[in-house]
Amino acid sequence: MSVVSTILSPSLIATTLIFVIVWGMLAIGLNMHWGEAGLLNFAHAAFFAVGAYTSAILTTPPPESGGILEATRTIGFNFPIVVGMIGAVVVTAAIGVAIGATSIRLADDYLAIVTLAGAELIRLVIVNQGSLTAGTKPIKNIPRPLEGTFREVLGLGLPYSVYYVGISGLVLIGTLIMFRRLSDSPFGRVLNAIREDEDVPKALGRDTGRYKLKAFGLGAGVAGLAGALFAHSQNAIIASQFTASLTFIIWAAVIIGGSGSYVGALAGAAVILGIQAVLRVVPSTVPIIGGDLEVLRPIIVGILLIVVMYVRPQGMFGNKEQTLAGVKE
Amino acid sequence: MNDTQQLTENTTTETDQAILETRDVTKKFGGLTAVDRVSIEVNAGEITGLIGPNGAGKSTLFNLMSGFYEADDGTVLFRGDDVTALRPDERAQEGLIRTFQITRELSGMTVMQNMLLGAQDNPGEAVMTALFKNSEVNQFEQHQRERAEELLNYLELGDLHDEYAGNLSGGQRKLLELGRALMSDPDLLLLDEPMAGVNPDLTDHLLDRITALCEDEGKSFLVVEHDIEAIMNISDTVIGMHQGEILVSGDPEVVQEDEALLEAYLGGGDV
Amino acid sequence: MATEVATLLSFFWNGLVEGSLIALAGLGLTLLFGLLNFINIAYGEYMAWAAYITLLATVGGLPFVGAILVGAVGGGLIAIAADRAIFQHFSNRSPVVLLVVSIGTSFILRNLIRVLVPSEFRTALYGVELLHVPNIAGVTILGNQVVVLILSVLILGGVFLLLNRTRIGIAMRAASNDTDLARLRGIDTNRLVIYVTVLGGFIAGIAGVMLGLESQVNPTMGFTFLIPVFAAVILGGIGDPLGAVIAGYALGIAQKLSLVIIPSEYTPAVALLLLIAGLLTRPDGIFGETTR
């Protein structure tokens, strides 16, 4: 009975849901880049990290100089969490636009490499600017929104994480509504046209470079918001959480879910997280699939990426008829 | 370069008949000169035909005029203004619209979406407006949808407006390309082989429409076509090109008899 | 003053050694990239696998020279295995798809190392005692570095002889530079793909083993080394062997000389920035007319 109650505990379910929401937001952002505009952005994990760190730095004052184990961070603020989240979105969107500027000159696989390089630069800065980011050490004591209020006002005796699901869930829904509206709008149509054949909207009077920048900014901003949501759900963040392979996990999620569709992207994120959750439960004595998740996850993602690329008919677009109509690659 | 600009300003009054003008425009690819100091004028409110055997440089010239290629030398003037430095989308916003020889339908989008993309200055393309000013956007879209329906019907694509463009036949794609270009309400339309693959009845229909647009709405056309007869019939002026150079330019009857042009067709290139 | 000169000289020396590695790895990659026309992220893993094979061979008692050979051959084998098992099934797809597939492949190969190699060997040195070299002009010269430099130059020379003096090599170079033209000339490009893949993997293997000699063997060694290697390939012109080598040495020296102005934690930024600059300015390379 205790095993079941552990698995079904509100706390665990809530934590899992928060992850689903955060990853879902990441997938939404990437879908704007790839699904809508055909932009190969491989810097998404970096945007996530920038958002998390920005919000954490803005809302967490630097620790009192304590023992050697304390972080080396000297920069920190004590702004309200809302400021942190808005700051996260703005800063990440700005960085997204900066990296996105390369897409004006480059396309496809070259763009992928440039964005990867940009992400690596960001990672270098995060890991080495200890005064700002605590370097490889964690930023601790990140505040939680409305922590006190929930305890007192609602006081149902539920753990905080359950309330956080509500907060972040609302953010997710709002984001989803906003992006779907953009997708169905003339703005979305121009992005789709850029994806299909950039020369056409150009020949019809659209400054495609500006649209790409906007797409980059929007998608990165969402990733930044996801980062902020993530940071405030945890008590601490640390650089090693934001691995390069995270970018490809989200990619796999978007592709599996059927890119071009925001709901599909969410579904893909849920699927990937589901696989991870299952793996965690498998005891390490089971050969091959039991064992170190850190090693297994990239292998599974790798296999998934290859299989999905192979099986998905003629390209990576969600709508099969649409894909076949394009006979596009 | 400055001298040429001076020249432009001084001679504007002389050339205000021409909606598009190129002066000594040149384009080289490696060792090959695809367009060699071409100077032509496209008169406003007229249909101008551009003919020449394959490889004459017609598509390259189109790309130079529309800004998809950067000229190695020379200038392009649109309505008297030097547009040589302008990007393709900037020229399109001025009213210079081109179609492509090999159709560029947006295959993963529907016919209607293709058409709607043609309409310029859509307020819904701004992010904030798209998010918050629904009625303004809807009004614009509705109006454009009606225009598109009318055009599609005229092009006999009316039933296909929800079909993915990638599923259309070759001729239908050509028509969609034309319709999409017309949606942008161009002042000058550069048509690159608009009739290729389109069935003959429809071709006449289309040529009538082009002539009507020219006469009734004052639109200008520069048309590349291999159907010499059709070109001679509808064009006010015909320009003949061969191996990157202009051989002859003038009334259809005159051009038809031009020795050098006949040589070019018979000699090297095929029609 | 003497110490400053010595410092600069040692930067230069270290840069030469590092440059040899980048040049060598870049040579293999540019041949592959030029012929197969896609960015192969798994290339780093060919390097890493070769290093581990060499490591385990030395542990198993093989003399170092033999172990290097085994490792390099291993690199070639891994490359052809990856091609036959995975990449070949995507040969008619776009470069983007192949890039994503190569990323998946690199995830698998890199983490298989973690699964297969016993933990005590996961981060290691070869444990070979090589030449002992005295300091010259105040510059510390390690025996390992000398071996790396000499072996790299030998292999580079050998490969260039192959590419310029043998029929198969000339065919490889032609196909790498312009695949369509090569096909027109009747060169069997399918067989060439196999040859170039094996050769590229072999070169990657040597580079990987040398990388392990110059620093250490660890699971991410290939992946992290990819950035300067790619920079060298892009800057040197895709499919241009000489360009990759020159760019590789230039990059290695630039990276080490950068220590004059930037702290060592940010050395990777040099290659990153040069890669970005290279891609933005000339995807076809500073030297090259090579097109995709």
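Letters A, B and C mark the chains in the order given here, with residues in each chain numbered from 1 onward.
Definition applied: a residue touches a chain if its C-beta (ideal position, glycine included) is under 8 Å from a C-beta of that chain, and two chains touch if they have at least 3 such contacts.
Quick caveat: nothing in here was measured; it's all calculated off a predicted structure.
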Fewest hops from chain B to chain C - one hop per pair of touching chains: 2
Per-chain CA centroid nearest to the all-protein CA mean: A
Label of the chain whose CA centroid is most distant from the centroid of chain B: C
Chain B-chain C separation of Cα centroids, rounded to whole Å: 49
Length of the line joining the C-alpha centres of chain A and chain B, rounded to whole Å: 44
Averaged-CA centre spacing for the pair chain C and chain A, given as whole angstrom: 32
Chain B contact footprint on chain A (complex, rising order): 178, 181-182, 185-190, 192-193, 195-197, 199-208, 214, 218, 317, 319, 321-328
Residues of chain B defined as touching chain A within the complex: 66, 68, 87-90, 92-93, 97-98, 100, 104, 106-109, 113, 116-118, 120, 122-127, 130-131, 137, 141, 164-167, 180-181, 184
In the complex with chain A, residue positions of chain C that touch it: 38-39, 86, 89-90, 93-97, 99-101, 103-108, 110-112, 114-115, 227, 230, 263, 265-266, 268-269, 272-273, 275-276, 279-280, 283
Chain C partner contacts - residues on chain A that touch it in the complex: 40, 102, 105-106, 108-110, 112-114, 117-118, 120-121, 124, 127-128, 245, 248, 251, 291-292, 295-296, 298-299, 301-306, 309-310, 315-316, 329
